[in-house]
Amino acid sequence: MLAEILLVARKDLRVEWRAKIALGQVAPLALLILVVLAFALDANSSLLELGAGGLYWVAVLYGGTLLIQRSFDVETDDGNMDAFRMSVIGAPSLFLGKSLALFVQIGLLELVLGSGVAVLYNVRVVDWGLLLVAAVAGTIAFSVCGVLWGVMSAGLRVRATLLPLLLVPVLVPILLAGSRAFETALGVRADAGWTWASLMLVIAAVHTAIGLGAFGFLLEEG
Amino acid sequence: MTSAIHGNAKMTATATTRVLGVLAIAATALMTVLGLLVSPADVIQGEAVRMLYIHVPSIWIAYGAFVLTSVSSVLFLRRRKRREDQGRHYDRLAGSAAEVGVVFTGITLVTGMLWGKVTWGTYWQWDARLTTTVLLFVTYLGYLALRRLPAEPIIRSRRAAVMALISFINVPIVHYSVDWWRTLHQKASLSVGRRPEITGEMYWTLLYSALTVTIVAAWLIIHRYRVIRLEELRDEEALAALISSRLKKDDGSN
Amino acid sequence: MSAVVEFEKVVAVAGSFPVLTGLDLRVDQGEVVLLRGENGAGKTSFLRACAGLISVSSGDAHILGFDMRVDRRAPRRYIGLLGHENNLYQDLWVREHVEFRAAAVGAAESDTDAALIRVGVSKQLWTVPIGSLSAGQRRKVAIASLVVGRPRLWLLDEPHASLDSESRENLDVILAEAARLGATIIFASHESPLTKGIASRVVTLGGGRVLEDSGAS
Amino acid sequence: MSEVATVVTGWGITFIVIATYSIWVVSRGKIIGQELGIGEMEQLDARKDAGATTDL
């Protein structure tokens, strides 16, 4: 099963490596969002510092949604979904493989965005461990939800608009918890950052379990 | 209710729903009289308390409808292979309950905001309950959007059922995270207007309103269910006609 | 001879349109069947039903002995399907793609080179993104992705489309050899004069049913 | 807005929403029912009096 997961993930990452959509287009766009958010807040440095955690996750949400779309555009293009269904790879492996590839891509996006936030919003990290755990947990939850909703809206004409509508309400707790945990990690709020981070881990686990159970079922047609 | 739906799937009206419909109108009329005229104004809130006779039962019934959607979706997923109709009965029930639930969630939000304007002086505040409710509203709007998309009936039902389950699992997660967020930052929020002590006549009026709203919602769900059933029947008939016309055409050409 | 495809009064529906309307067909192992028929006759739907990609709503369907009404995923590992579309990842290199398809159907990745040579994809194209290939070359890569999996049942929808005459002949040789080794081949084609040669049997579909069958006993 | 006006607005909106939705649901059922020729109840159930055509 591990070999299957890696096979799928490697394929997705190779597609990305050849096409460079995530790094070449989505990451710059997400950086641009950080700049626009600064405009919206009139580049008020104290506001930006306070809100850095939340603004970071908004930018991740935006860029991540595009990456999820892309991940399933690749599969629906040229009838690839048929080959996907005809393969011997089990549905759980497909699910985890695609999630892993998305995890890596969104993780890279977050590295870019993290540096952007650090430079543009002038923040200092006081708790690297918390920052890392929250980022990883949030990215896992983001990836598995993305694959789950991605396959649900794959092949639909309106998926560009439908996917965000379905995805965002589910991701709300992640965005909320991520923002709070980051605020603690960045030292602007003394609250229970670790509790928020563990909540994120729980949410990630719940959605992984749902995805493992439901993916095969959603993949089939007719 | 299930039997009322089941036995009469082919009709647009039955004795049961007619009685239910008359009952709904009569009960609503009485509810209006009780809620707006007979029951007293609250000591603290004054007349604004009358909004709660709609607001509170609406959210109860909305939650009830969403529970019905979730239960039906589970039953759809579990029984679809064993049932002759491939579980479509549960799918229809899930869809109609969700739609009625969305209508009542919308009513809850509007009446809640109006009530807030009078009581708190603002239409909106980032109260845990309000925030959860608006997310609930959007989530189930998404569910309805997914149901409306053209797809093979079975695929559509399957997707919808999975989404209903995920949404339902997500409701408590959203609720507790938002609740926790707000309780951690009480200072940031406006002082929340205390909900009034509901006793005596007000209590009975509220209870009666809940009963009324339940009747109205049940009537709506049954009728919505039938409309879905009729739409399916129409599609099935068109399909059967297509099959027979194709067969005839081929026989003619041979 | 054992039956590879056994369809009895099969009805299948796509959306709200009946694509198969009581189709009866039995194909034995080693046969090379040419499917003919007008557009919309049900050729593509029949191939997809054989692959288990569309469900059978009534009738009896067995593929390689598996009951498609019980589990239509079961025979897939033995089936190679080439549809109208090539099922290619446009961004991958030719060789990477075929390697992935080999691994995805449980075949050896090391067979990739042999398959590409066999189909006639020249070596300098192996490290080129698929998206930059011509239509004919893409079709060849798609066929190579099939060859590498050594399917027991080949389902091909217009396999000769966009191939030049040399490649067509080459494909016929590949198919004929696969059949000799015990595979079963069903392919749909408009251009019957060109492809009739390798077919051991011609089945004409119309309106989602079999109209004519040269091999009917 | 005064308290009374607010309450009346809230109840009014609720009534309008529910009434509109009910009418939409019922009329849609009627239209499709007529298309299929299985619309009115008394056609199926002869025991009911003929006046009961209004669907509630």
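We just call them A, B, C and D in the order they show up, numbering each chain from 1.
To be clear about the criterion, a contact is a pair of C-beta atoms (placed from the backbone, for glycine too) under 8 Å apart; a residue touches a chain by one contact, two chains touch by 3 or more.
Quick caveat, the model's predicted, so the values are computed rather than measured.
Asker: Write out the two chains that share the greatest number of C-beta pairs in contact.
Answerer: Result of the pairwise contact count: B-D comes out on top.
Asker: With chain centres defined as C-alpha means, what is the inter-centre distance between chain A and chain D in Å?
Answerer: 45
Asker: Centroid from C-alpha atoms only, then distance chain A to chain B, rounded to Å. What do you get?
Answerer: 31
Asker: Just how far, in Å, is the C-alpha centre of chain D from the one of chain B?
Answerer: Distance between chain centres, rounded to whole Å: 17 Å.
Asker: Could you give the separation in Å between the centres of chain A and chain C, each centre being the mean of its C-alpha atoms?
Answerer: Their C-alpha centroids are separated by 37 Å.
Asker: For chain C, which residues are shared contacts with two or more other chains?
Answerer: Correct list: 14, 55.
Asker: Would you mind listing the residues of chain D that make contact with two or more other chains?
Answerer: Not one residue of chain D touches more than one other chain, so the list is empty.
Asker: Mind pulling the chain B residues that touch 2 or more other chains?
Answerer: In chain B, residues 152, 154 touch at least two other chains, as defined above.
Asker: Kindly provide every pair of chains that touch.
Answerer: So the chains that touch one another pair up as A-B, A-C, B-C, B-D.
Asker: Which stretch or stretches of chain B touch chain C in the complex?
Answerer: So the residues of chain B in touch with chain C come to 150, 152, 154, 235, 238-239, 242-243, 246-247, 249-250, 253-254.
Asker: Going by the contact rule set out above, which residues of chain B touch chain A in the complex?
Answerer: Residues 135, 138-139, 141-142, 145-146, 149, 151-152, 154-155, 158-159, 162-163, 165-167, 169-170, 173-174, 177-178, 181, 184 of chain B touch chain A in their complex.
Asker: Looking at the complex, which residues from chain B come into contact with chain D?
Answerer: 10-15, 17-18, 20-22, 24-25, 32, 35-36, 46-48, 50-51, 54-55, 58, 103, 106-107, 110-111, 114-115, 117-118, 216, 219-220, 223-224, 226-227, 230-231, 233-234, 237
Asker: Of all residues in chain C, which touch chain A in the complex?
Answerer: 14, 51, 53-55, 73, 76-77, 79, 81, 83-93, 96, 100-101, 103-106, 129, 145
Asker: Spell out the part of chain D that touches chain B in their complex, as residue ranges.
Answerer: Where chain D meets chain B, its residues are 1, 3-4, 6-7, 9-11, 13-14, 17-18, 21-22, 25-26, 28-30, 32-33, 35-36, 38-41, 44-45, 48, 52, 55-56.
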